[in-house]
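Before any comments, here is the structure.
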Amino acid sequence: MTIFTIFISAAIINNYVLVQFLGICPFVGVSKKLSSSFSMGLATTFVMTMAAAVTWLIYYFILVPFNLQFLQIVSFILVIASLVQLVEMFIKKMSKPLYDALGIFLPLITTNCAIMGVALFLVMKEYSFIESIIFGFSAGVGFTLAIVLMAGIREELEIADVPEYFKGAPITMIVAGCMALAFMGFAGLI
Amino acid sequence: MKSAKLIIVLTLTAIISGAILSVLAGITQPIIDEYQTDVLKTAVGDVLPNINSYDIKIIENTKFFVGKDRNNKPINVAFEAVGDGFQSKLKILVGMNLDMTKILSIKILSQLETPGLGTKIETDPGNKEDDAWFGKQFINLNTSSSLTYLKNEKPDKSKGQIMAITGATISSKAVIDIINATMAINRPLFTKEVN
Amino acid sequence: MAKKKISLLKEFTKGLWDENPVLVMLLGLCPTLAVTSSAINGLAMGLAVLFTLTASSTIISSVRKIIPKEVRIPTFIIVIATFVTITDKSMAAFQPILHKSLGAFIPLIVVNCVILGRQEAFASKNNVGRSIVDALGMSVGFTITLTVLGAIRELLGAGTIFSLQLMPDSFVPWMVMILPPGAFITLGLMIGATNWINARRER
């Protein structure tokens, strides 16, 4: 698989949010405003790329040589949790408004299944180190793409006449369904 | 003092968890391995007709399962073909005659395709007469040229043609592509070694 | 969370409807959407979560007093990950066929926000008995929601429920229902319906 096909397949065809259903919680929770959803996308992309690299190293240099594959889930989630902690401290120092905007959702990146998903898939698909990094990055780009598109639509929905009981999460889900339908058109691109 | 407590609690938790899991792995891993060997054994028996036993032959890191008749004479061969499907990795066991000009039968070993569509490459509950019709098309399929797929036409076995699944063209195509690609690599490898 | 007074029964039933993890709290949406292409998958996923959540809540609530506040999240995560691995490995060893169809999703239970959320919001603050009841209520609510969602999608998308043919032969399955868009749209309609029912009950 070339780098380009990995990118297209992880970012668009098998879009993490719309096709694989990973990272839905932040996708629904943080997609109200364009600006904060973009930052969320960037934070996730960053953590994902890092997580892909680190989990690959852990898997092939610690777990496989010592035959400890059964510790895969525990070790991956710990690595991801500490990475998120680092990113959180970093953002807190660098930009207070950004930190306030992302609020409680930063710790939730830990439980963002998309990141754990990247870690598990790169092992399942037997990617090389470079491929894994590209894969993590592309999955993050795909996540950013989906969440930013959704935020754009939701800002419009604010002024639209949505039935009362469908405001918020329900209409978001239905819009996501339409987006997923559109993204299915990319299937077969490769 | 405070941070010492933090470290102790975390380390203890990690050690306990590691201990529990290693015991568990010790119990379950042999069962899982045995199950997988069993599955593979059955699958080799399924794709290679009329064999009495089989040998595993490794040529340049590729595993071949050479099927033998009652007189221990090699009669056919099987290999695993692995590649990307629509949204998952496909693992297919392909059984062929010895000079690899004809597929005897195939079996999908693992797939996680779209439920209800791509999964029809393995079983199609919608087809009441034969839910494994897609895989059965490969039985006695001529492979002197590369395999191709058709839609809404009657496929010709002697030309290596396969009918694609409606709504799952990509998964159908993936199966064919993976078999084509693996055959192209394995055929020279195996025929050179045997003859 | 100082409402200690509510009865154990209430503690259980709140997870079924009032605080339904999926329909009201919008937690654990990833497995909800991903596995519910059929009723049986939804049920199996729900049961796997039931085991993991109840076991984790039991452990966490019984050691809650000795876990320092600063490291509670990592500790919760290790405990949850341990139980998920136990579920994964035992299923692979003893239910290999079921494991095959749910395989990729079992490890992802570890990041199911319902589980971590319940540890943080409930098990770390309440005694063992209450925590178990809470965990059971939440996971039963989760399981029912997933099974219903899976059943709706399977019925419209393939004409069956639990692989039983229910639609007449002339019914043409709405393929889109078992594909990703169907998951989003069905869940959106279910959440909307929940809002509507709740609003009517209040009136």
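Letters A, B and C mark the chains as written, and numbering starts fresh at 1 in each.
Rule of thumb we're sticking to: a residue touches a chain if its C-beta (ideal position, glycine included) is under 8 Å from a C-beta of that chain, and two chains touch if they have at least 3 such contacts.
Keep in mind that what you see is a predicted model, and the values were worked out from it rather than measured.
Among the inter-chain contacts, the highest number of C-beta pairs connects A-C. For chain A, the chain with the farthest CA centroid is B.
Remark: chain A and chain C have CA centroids separated by 21 Å (rounded to whole angstrom).
Distance between chain centres (mean CA atoms), chain B to chain C: 33 Å. Multi-chain contact residues of chain A, defined as those touching 2 or more other chains: 19-20, 70-71, 74, 124. Shown for chain B are the residues in touch with two or more other chains, namely 14, 17, 21, 24-25, 29. Shared interface positions of chain C, i.e. residues touching 2 or more other chains, are given as 74, 78, 81-82, 85, 89, 104, 179. Looking at the complex, you find that chain B touches chain C at residues 2, 5-6, 9-10, 13-14, 17, 20-21, 24-25, 27-29, 31-32, 35, 88, 110, 112, 114-117, 125-126, 167. Of all residues in chain A, only 1, 14, 19-20, 70-71, 74, 124-125, 187-188 touch chain B in the complex they form.
Chain contact summary for the complex, chain B toward chain A: residues 14, 17-18, 21-22, 24-25, 29, 84, 86-87, 89, 169-170.
Within the complex formed with chain A, the chain C residues making contact are 26-27, 29-31, 33-34, 73-74, 77-78, 80-82, 84-85, 88-89, 104, 107-108, 110-113, 116, 176, 179-185, 187-189, 191-193, 195-196, 199.
Within the complex formed with chain B, the residues of chain C that make contact are 37-38, 41, 66-68, 70-71, 74-75, 78-79, 81-82, 85-86, 89-90, 92-94, 96, 100, 103-104, 157-158, 160, 163, 173, 175, 178-179.
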